[in-house]
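First chain written, first letter: the chains are A, B, C and D, and each begins at residue 1.
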Amino acid sequence: MIKNIIALFFLCSSMGFFAQNKPSPHDTEVWEPVPKIVTVNEKGIPSDAIILLSDKVNEFVDYKGKPISWTYKDGIMTVKPREEGARKDQNVYTKQKFGNCQLHLEFRTPIDHEGEGKKNGNSGVFLQTFYEIQVLNSYENETHATGQLGAIYKQSSPMANPAKPMGEWQTYDIVYTAPVWQDNKVVKKASMTAFINGVLVQNHFELTGRTSFSSKAKYPAPHDKMPLMLQEHNNYVSYRNIWIREL
Amino acid sequence: MIKNIIALFFLCSSMGFFAQNKPSPHDTEVWEPVPKIVTVNEKGIPSDAIILLSDKVNEFVDYKGKPISWTYKDGIMTVKPREEGARKDQNVYTKQKFGNCQLHLEFRTPIDHEGEGKKNGNSGVFLQTFYEIQVLNSYENETHATGQLGAIYKQSSPMANPAKPMGEWQTYDIVYTAPVWQDNKVVKKASMTAFINGVLVQNHFELTGRTSFSSKAKYPAPHDKMPLMLQEHNNYVSYRNIWIREL
Amino acid sequence: MIKNIIALFFLCSSMGFFAQNKPSPHDTEVWEPVPKIVTVNEKGIPSDAIILLSDKVNEFVDYKGKPISWTYKDGIMTVKPREEGARKDQNVYTKQKFGNCQLHLEFRTPIDHEGEGKKNGNSGVFLQTFYEIQVLNSYENETHATGQLGAIYKQSSPMANPAKPMGEWQTYDIVYTAPVWQDNKVVKKASMTAFINGVLVQNHFELTGRTSFSSKAKYPAPHDKMPLMLQEHNNYVSYRNIWIREL
Amino acid sequence: MIKNIIALFFLCSSMGFFAQNKPSPHDTEVWEPVPKIVTVNEKGIPSDAIILLSDKVNEFVDYKGKPISWTYKDGIMTVKPREEGARKDQNVYTKQKFGNCQLHLEFRTPIDHEGEGKKNGNSGVFLQTFYEIQVLNSYENETHATGQLGAIYKQSSPMANPAKPMGEWQTYDIVYTAPVWQDNKVVKKASMTAFINGVLVQNHFELTGRTSFSSKAKYPAPHDKMPLMLQEHNNYVSYRNIWIREL
């Protein structure tokens, strides 16, 4: 009899019968969906990451979908500066298109032993092809704040300058949220959080539009997922160890 | 003659003479303020970071500002579970108070060779004392999604479960934005972006209020900067290598 | 005319004509055999290494060639202490036999939160089954110099004590040269060079014989390649990331 | 009474009274000297190491003891190739002299984007000024086995070729034993054990004498401790993170 009463009590309790008197901590628990398990290997690569560049994989093509002109060896891909008078675009693009993502990459700006001062390591990471976060040698190399390493180009100065010397490998970790459109209008702007060498340079910055060299940034037209693009800008910038997680 | 005209053209052009007709790319440059230089040492610690825990520094005290009961040796600080019947709060607090910040720490949940299944490594990181992101052994240890490793406790499930096995050191990287108040009301909620072992678990999540075990989260009253708190929750969770950058 | 004579001189010189008078630097060059190319991956594992323990591979068996009693999960293998009164030998052995080698492994001695003082992390690495280099918690745990971490057990004290605290992963890097026999006699003793956590602990030490607990070490009988053995000695010592290169 | 007999027994036992019957395992223990404690910091540098090159320390001078011509910045020291017709020796030397030692250093051979094929990254590490182990770009750059990366120059080919591509930092770990002299004759030759990028390239090789470019190696005369020397050989080879432990 006593046993039954106790059982009844627990039954009621678990049904929230007495909840009006005292809310149960369990009321505010959420069990579903269960977050997916992601393991990280010794190289720091998450198990659900898509490898875009390694010593075995290179998922980049040129703007026509043809093989890239950049050099690629031992997992390192290096910008091939365009020849004098050549068509400008030697940029490279991922075959796959992406929207929201966590992106990791490593880059290296060229050493300049001869001192000619021109190897400033200019390149860029363009999320969804349109939205650039800057790659540049910003180690003892002054330029405008919105154009240096870690800048959302012409839109947001980096929160710090963690540039390493020329020739050193540096890391970029980026969380990118794609713009959301409704009726051909952007209702949620693209945003980026980014770290260089582990130092926060952008904290959920909302982009004012597509990256533009000389005019005001705009969101001219809706688009879907787009390739990740790396920019050719005359200098021998190198990349390695690029992976992306779709969010 | 032609040559002179061309020379004149370029002279004017470079002086911005025709700028009213064609905007110069320089118009959209921002030069000030210059982002501060931050160097990163071999341990990955930025030069502007405040060290909170290392083999030389321990900036934690108990709630009275007295020495902590936790063990601290060789740079490792380990929760001292409260004694049976003891006053609950064995949490530890930084002496300094913080608002917006980038926080790095490493934690380890205890190994359980004896298999009693109770060492689930419960602890927590409380930004500004009030806002928790969860520490727990979530490796093959099921609980509600809002209570597992990487959860904003009872508010936001982690976007993934990157938990390592018990006994392994794991990393937490957190970007925290403090709530903003006006006339005793919160006008901008607190937000967190967080990575565990390099995997994004929270992406600029806006907290609904202070962490609460059983009731609805609220922002009951304005507060200024507050200490970072680490929670004692019965288990021998260890911490090391904690640093913070004020943003 | 003079020009021709000079030309002739250089021609003869480059042909080694005067070599009897002045030796050429090329005389002391050796071109063959060409050293084999070994690449090292991001985990630091050489391309010619045999993986003995990883998250995918476990090449250890018990003394009968049967599955081991030790636990093995997520790339970590942990000693299973023998039960009270059980047959002593819970040691584990590689299926493959080895002679001269470069060996890398990582080990962890158990944490002892309860303070009973007995978890001293005793185990051992036995090259060719017979020749032990010691695994022990030697962090604030005194024992005889010939028995502590890095000792060639009962033969050679380590040159330094680089022990990390209990619970931390530590590395062993060993270069082992097998004994050479002729007519049942050892004509070249076994030797070891070893580093713990990167610190030299043995420098080409020539072993006086097989490891012996209580009697004098001897080389009783010739043997060929033998398995690598890891010792069970009551404590929950863990191993991971074991690879070996045959020399 | 019984108690006394037992006490007597243990007294005798600990004095080895019964040793003739059954040897005690304690008989073969050696307790003194106690190996010195060495801790290793997060950069992997042992606590008893002398820092020769870091971002704060540079212990190198030229052959006259004057400041070096090499560049030194951010912890990186780079060979300054001699000018056309200049006195040959731009080598650099530690102020302090060393004998037996464990040496760690990192080196980088220059990238050659222009493809002229001459930047083969030639330099060298000379223990005690006289005994060279070779630094060279040996990644897809053929030369004689006794002259490539890891060779004891003109004496011993490396056991493997673990060279990384040009522009990548590589590690050297060397255990060096100085020659021993008696009555102006060498009675124990110098020896080296060395690892490049963690791969064994020399295993206790006994040098036949001082490094010689064109003649047979000899031990012409006794010498005491001598500086560590790094060689200038026309190429922009860089060094960083050099430390040494006296043995």
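We adopt the following convention: contacts are C-beta pairs under 8 Å (C-beta built on N, C-alpha and C of every residue); 3 or more make two chains touch, one makes a residue touch a chain.
Every value quoted in this text rests on a predicted model; they were computed, and no experiment measured them.
Colleague: Please tell me whether the contact surfaces of chain A and chain B are same or different in residue numbering, using the over-half criterion.
Modeller: Over half shared, hence same.
Colleague: Tell me which of B-D and B-C has more C-beta pairs in contact.
Modeller: Answer by contact count: B-C.
Colleague: Using mean CA coordinates as chain centres, what's the chain A-chain B distance in Å?
Modeller: 19
Colleague: Taking each chain's centre as the mean of its CA atoms, how far is chain B from chain D in angstrom?
Modeller: 42
Colleague: How many angstrom between the C-alpha centroids of chain C and chain B?
Modeller: 41
Colleague: Inside the complex, what are the residues of chain A that reach chain B?
Modeller: So the residues of chain A in touch with chain B come to 23-25, 27-40, 44, 46, 48, 102, 104, 144-148, 150, 154, 157-164, 173, 175, 177, 191, 193, 197-201, 203-204, 212-216, 245, 247.
Colleague: Give the list of chain D residues in touch with chain A in this complex.
Modeller: Per the touch definition, chain D meets chain A at residues 73-74, 76, 78, 108, 110-111, 113, 165, 167, 236, 238.
Colleague: Flag every residue of chain B that touches chain D in the complex, lowest number first.
Modeller: Checking each residue of chain B against chain D gives 42-43.
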